[in-house]
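Listed next: structures, encoded as structure tokens.
Next come two complexes, and both contain subunit A; in the first it sits with subunit B, in the second with subunit C.
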Partner chain A sequence: MAGTVLENLSSRKLAVLISFLLACQAICFLIGGLVAPVPANVQTILGTVCKDTSKDKNDTTKWFYVRGNGKCESIDLANVQLGHDLSEADIVFAFQMPTPREGEFFDYSRWQQNLIGVLLMDIRYHSAMEVKSHSIVTIDARLAYRNKEDPEDAWKLYKQSVETRNLDCDIDVKTEGYLYNCTTVPLFELGSLYHDYYLLNIRLPVDTKEMNTHIGHIQDIWLTVINQNGGFTQVWLSLKTAFFPCIVGLLIWFWNRIHLLQRKPVLLEEMLFALGIALCVLDMPIEYLTLHFDLPFMLLLSDVRQGFFYASLFSFWLVFSGEHMLIQEVRAKSTLRKYWRHLSAVLLGCVSLFIFDMCERGIQLRNPFYSIWVTELGTNLALSFIILAGISTGMYFMFLSYMVWQVFLNISQKRQSMPAMSSVRRLHYEGIIYRFNFLMLATLICAAMTVIGFILGQVAEGQWKWDDNIELEYTSAFFTGVYGMWNIYIIALLVLYAPSHKKWPVNENTSDTQNLSEEIEFNKMPAERSEISSLTSFITKPAVD
Partner chain B sequence: MKCLCLFVLFLCLRCDGAGSKPRRGRGSMWWGIAKAGEPNNLSPLSPGVLYMDPAVHATLRRKQRRLARENPGVLAAVAKGANMAVAECQHQFKYRRWNCSTRNFLRGKNLFGKIVDRGCRETAFIYAITSAGVTHAVSRACAEGSIESCTCDYSHVDRAPHRSRAAAAANVRVWKWGGCSDNIGFGFKFSREFVDTGERGKTLREKMNLHNNEAGRMHVQTEMRQECKCHGMSGSCTVKTCWMRLPSFRSVGDALKDRFDGASRVMMSNTDLEAPVQRNDAAPHRVPRRDRYRFQLRPHNPDHKSPGAKDLVYLESSPGFCEKNPRLGIPGTHGRTCNDTSIGVDGCDLMCCGRGYRTETMFVVERCNCTFHWCCEVKCKLCRTEKVVHTCL
Partner chain C sequence: MFTSSVITVLVCTVSSFALRNVEGTKPVLQRTVEALFMDRSHSTYPGTCKVFVASNKQAKLCRREPLLPKIIQTAKKQAISACNETFQYDRWNCSLVFNRKPRKSIFNKIYRETALVHALIAASITHAVARGCASGELTKCSCLGTFKNSSWQIKGCGDDFKYGKRVTKNFLDLKHAGNDQIGEILKQDVNIGMDSIGEQLKEVCKCHGFSGSCTTKTCWKKLSPFNSAMGLLKKHYHHAMKKKFVNYTTKRAITPKVKKKLEKGRNNLVYLQKTPNLCVSTKGRACKDRHNCATLCCGRGYVVEKKLVSSRCRCKMVNCCFVKCDTCVEEVEMFTCK
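For the complex of A and B:
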């Protein structure tokens, strides 16, 4: 192989290609900003207090809902006759989703993908009944669903669970009538929004003596449900559908190109190919299936796909800088085994995050109300996995920066000895340096853009307005922009780092040159520590020629 | 059709205007809804059926009746909001000479009495707290789903006139594409339409009312607290969604009481309709009658700053609330309890206006040492305590 496409591309062609990719990037950003709505929609629902007069409280066919035929008898907690005919088991907080708007009963669309529920409790201060800052609330939660064609009372049980949650409340003014500031309580996460309507019934049971006795006087319970916006899903999926065939085509082209060569593919090319496959997996628009099937594992799967992509990207960077080390001892074809220490950091991080995800979202497949953060043990476990992942990320970046630093040292060393080299070797080294610098630059720009975009999004909550007439949906623009950027980054890598068909500009007539250039491509000369040794090896090389 | 409606509405506005008093704004009669029977009787949840108490009917202006008709369930929310406002007002002014007392007569009279005929601080507070009450209660009712016609305003799409089939399809599309906006938006807009009816902003008093109504709404908005939830990859904060949480009405009342203490006395600007005030407009796409909010009031004392959007404004100094004044409907502070150790407004010196007070010692039996159990059980002991009560002469 005589270098990659990148070195052999004329600067005009390169400029055209890069500007084309930049235009694609701008389009991705603008599609997110101008076409797509905000990524997620929020509905805040106030719980209606229903009176359960039935004897059997565990009957899951009996549902309490707010609208439609057979709606429940609602009571006002403020005016409840204390201690008479009501007990805690008779009180049901009913949340019917979605809430009506514009005089219509909207239903969830499958484009809206997922549903996350968060509870907020309004707890009133009573001097006789102070809430401790850390108390535990036990919630008997039942989730039901109904579809459009069903009768209005035909709610069917989706999942039921008795859960405990931590409730952190504090209060500034300890006077009757004031409310505690309580933290939000994450309640459930549904990976698929398959049905049209959902109904949540919540009871706060007092089965044992200590249960729910220290949570004070609950005045209201608010449920905030977050779902992905249908428009955002559509835009996102169209991006995926556009990128997916491009990546697949490019991968086939890349693979063919490598196999046209006489030699076996080198490690870097294999890594690049693996990265392409990871991107393929990430881009595969399997979300279309959710429009027809109930696939609750979608949240988990998208986590896994993203994780796989990040792992291969991180490994690629490591291997890339390792393979561009100009001074290397061994001459054999390098394999992944050489990088096991560095890659184990990536692997460790990914595995710990995967285990954490399986513990949280994996179990949520069976019980959407499950949360690992509730129990002491679970919290410690989750934290240890996350810390482990953090440590391995830190280690990874230390490794990476060390390697990049080494490469730069190498490069500056080589630069000094360059004028004394033969044109073949100089071109070869220049090629390597150019390739490396190009990728470094591109990577740094992409990473910086991602980080800056993320920070900007955190700082400027919500919408950005440059002009009164142009409303730019910044969060969506950020997501589509970053997504498009990494896609384009990898597309560019696949295109530019594919082996070139062009011949070496000088001494290209003999097959020896081919062999030589192939040999020195990634497996470098023997160690050249000093000017003299480089000169000696320089002398030995032409002898080979 | 629309023109005709507008014309009819215009006519109604004209004829309504003829009968009422010229001095105070004309949009305050609806307060009476707070006392007009149980809120549950006002409007059944099912749309289409509407039963309106004649007493309620009498307190509402025609536009308000139309709004109530178009938004089933809203009357109950307004009544609740008005009640909440009255209760909050009475709580905030519990220890002051003016204690926000209300009267029970409905027809033709004002709920808070004749004090609202004067453009004083107390009136400013009443207007602000009631407008805030409606905003709060309507937003809450939207969240509860008891008002089904809350708007699903999506900023990219201009709102079509509702109830037509095409509009319904458009609404569904909007919901599926980008979701619906927050409840507070509707509460704010509805409060503007309902509460500000009849305040045309022509006279100074009407401008004062408009300003204070707006200030009340602003306080509901600014007292909201943000809550966020991270739901990115593995629950990380790469994707974060935030929303605003409706404040407790007590905190709105506290904030408004602060503004009451620092209210600014105003007079009209020399040039009417100056540069528009910077407002956090909830409905930027609505054009009609928006300019009635575009005025700047000038402080009475030229050295003072001109009032901001959240400040309460008044026109004349408050009357003394010490003595009974039937002309202004002031009951006086005779018979009010006071605190003899306090030197503030609840102290006996100030409360009784120097008339002196009577001290009685009595035994009261009250509930004490209560323990509260979720949900509905309060266990209390009955305690017999000795209490010293001071009453103004």
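For the complex of A and C:
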């Protein structure tokens, strides 16, 4: 028994399998494009200016909202003058989410998963008072929530924080009354959208002399909230629900198959199994839990899951090309330790990204208004982690391409000496080369598709129209397509690179094996030692020869 | 003084209404734009729309969305003040009549100014509606721009500008603007007005993918303040194209040459009649600087006076939203046309 399923599969069966997988791929793409809406929904809310007449400004039970019983007294900033009836600290910008549409007062659904808030400030140009291009704004932000069954004035504090943000503004045409072009101010990220209604109250405090005095004349504040679309979550989760049992079943089958053999699993099989587990973790539809529980760590967790998956995929590629070196020095079973130099690049990249993520999204678990990019130290720290991750990615790809290049060099060397070899050994080599080329091709195609898809998404419009009835939502199609593709890629690897049951070389499908009667006796000897596509034992033989 | 001017304006409007009743055939589009632009008072009218005497269809729209009259009121004020401010130093200073002659209303024929006012009112309504949707005042804003009929939680919501445009089209009853040349021309002007708001939308993006990277990027369009759209409309006003009056009954076959001409004017304001010479009325008008005076005073020259003017200076922000200034007295040159 030798080789993997891939080599022993007849070309007809292989074609059937590949076309089946391609069909699955097309279905994934089309489900995203035709069934799912855009991944994210945007709502832009214009802040209502409310008058806070209470004495105690730090009272977090007093809320200012725009609709419903006990709504705030709104004022028009353009018409009021600062005077005896209105002091500076009396102004509150209120944002009530979601805004009503189509005559209904909507509420958030838990299918919408997360909520990201971005502020945009309309700063008016005054010739008598020009604003510096870079300033710092201090925001006292309070977020409250309410549920459907609560009375309309029963807002409860969710999180409160006083935050500073950088504000960069410039202006092209200096005309009185025109606006500065200001950068957006990321305000908060909620990892779970558990409640029905949210309310944001913003004040711009002037506690110290310098605070908020140089930001210019704020005319309006706009809040843009971004949440995942419920329909997209449903499609995404159904994909996960469909893939998850397939992967689990396949992993069990793969493991059983390896344990049926009389030898211990080799490194490559272990790596493939680990990759399968990483995919399992990624596919696990734990988002269903958010429909019942408040799980703010979901954003972080999905980052970690993705990171884990990428790390194992990258490590797998390294080990795969390493194990396909046709000339190997050591006879013993290779271990991960052999690749420590290469794998440390992957590890370094992942760890630095993880630390960065923990610093940003980890702290956001406690304070959703937190941002690492605000302080100089934080920015430098975040940048250094990202750069570190970038460098290690670069290093990784250098290692990988070097190894792939070496394998190709190796292959071409072996090809030259192949005619002189006995058919059995030649067949083995050909098997290895075939296996390697197949994976290289598949990987390259998948990677290229991902990159092309991403670039297309950046360049093209969101919706593609064929006729009046068929519209394709490209962004969603890209996401489900890519997600499906890597799932299918790994499913294909697990199926095709599992050890084969068929006896080698009694394989009628390969044309070369037909006139090899005298080599069969010769073949028995190595067959005892290596039961798989074992490269180690079999390939090192030529060195003895 | 003020009350008398209000009365004269009122009399004017009333008389023009009377005149129109005699004519009787002006489409809703023209009637609405004129009513909104001419009435500078804050009087309320009977009926659901309050701001002006509405048609049946408009009254229905106002009944369906109770806050629409307020939005129309805002739109009207915004349009008039933006117009006055922008055309302060132009020969036509956004007045209702030419050369101060009460009979020469800008709505008598389709002048360059008439075209601008139609675009302006349309732009202003579009802007006010989109803003009303964003602030949550208007509750009936639709989720245009998304396909498939399912709830908001599932498919999301489109932007407010599209809805503002639809409301404006409905409110001004563009469908029944008339099939004659005047109707076509005004429709084009209204479209240019609405699009000037669209052109001033600013695209803003936010990345929120894996670890906050741009693997997922969401972009949206933010409404700009009305005065930037007004700036654009003024440019349109200066580049407006005059069309030849075509009697539609004797319409000749459209040759490729004519067609090309028609295509060319698609992105411009269009009008039919030449504006009368406004030089007569610029006597005594204030102008901005020497360059501006040269055109505004029509070559008659201008008087320069030096005056002490107190103005705001050394301004500071007190809190976010209040500008506190000192008062400075400066010597300023004042220009007045001879």
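Following the convention adopted for this analysis, the second predicted complex is superposed on the first by the 498 of 545 C-alpha atoms of A that agree within 3 Å, B and C clash if a C-alpha of one lies under 4 Å from a C-alpha of the other, contacts with A are read in each partner's own complex, and residues count from 1 in each chain.
By our rule, a residue touches a chain if its C-beta (ideal position, glycine included) is under 8 Å from a C-beta of that chain, and two chains touch if they have at least 3 such contacts.
Source: prediction; values computed, not measured.
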Overlay on subunit A: subunit C relative to subunit B, clash or fit: clash
Partner chain in contact with A:Trp222 - subunit B first, subunit C second, else both or neither: both
Touched partner set for A:Phe356, first subunit B, second subunit C, both or neither: both
Partner chain(s) touched by A:Leu120 [first = subunit B, second = subunit C, both, neither]: both
Touching partner for A:Thr99 - first (subunit B), second (subunit C), both, neither: both
Touching partner for A:His134 - first (subunit B), second (subunit C), both, neither: neither
Touched partner set for A:Asn212, first subunit B, second subunit C, both or neither: both
Footprint overlap on subunit A, where subunit B in one structure and subunit C in the other make contact: 37-46, 48, 66-67, 77, 81-82, 88, 91, 96, 98-106, 109, 111-112, 116, 118, 120, 122, 126, 128-129, 177-179, 184, 186, 189, 204, 206, 212-213, 215-218, 222, 224, 226, 229-231, 234, 303, 306-307, 353, 356-357, 360-361, 454, 458, 471, 479
List of subunit A residues in touch with subunit B within their complex: 37-46, 48, 66-67, 77, 80-84, 86-88, 91, 96, 98-106, 109, 111-112, 116, 118, 120, 122, 126, 128-129, 177-179, 184, 186, 189, 204, 206, 212-213, 215-218, 222, 224, 226-227, 229-232, 234, 302-303, 306-307, 353, 356-357, 360-361, 454, 458, 461-462, 471, 479
Subunit C partner contacts - residues on subunit A that touch it in the complex: 37-49, 66-67, 77, 81-82, 88-89, 91, 96, 98-106, 108-109, 111-112, 116, 118, 120, 122, 126, 128-129, 175, 177-179, 181, 184, 186, 189, 204, 206, 212-219, 222, 224, 226, 229-231, 234, 303, 306-307, 353, 356-357, 360-361, 454, 458, 463, 471, 479
Subunit C residues touching subunit A - in the complex, by the definition given at the top: 131, 133-136, 139-143, 146-148, 150-157, 159-160, 202, 204, 206, 208, 210-212, 215-218, 220, 222-225, 227-228, 231, 312-325
Contact set on subunit B toward subunit A in their complex: 45, 47, 91, 140, 142-145, 148-152, 154-156, 162-163, 167-168, 171-172, 175-180, 182-183, 226-227, 229, 231, 233-235, 238-243, 245-246, 248, 250, 369-378
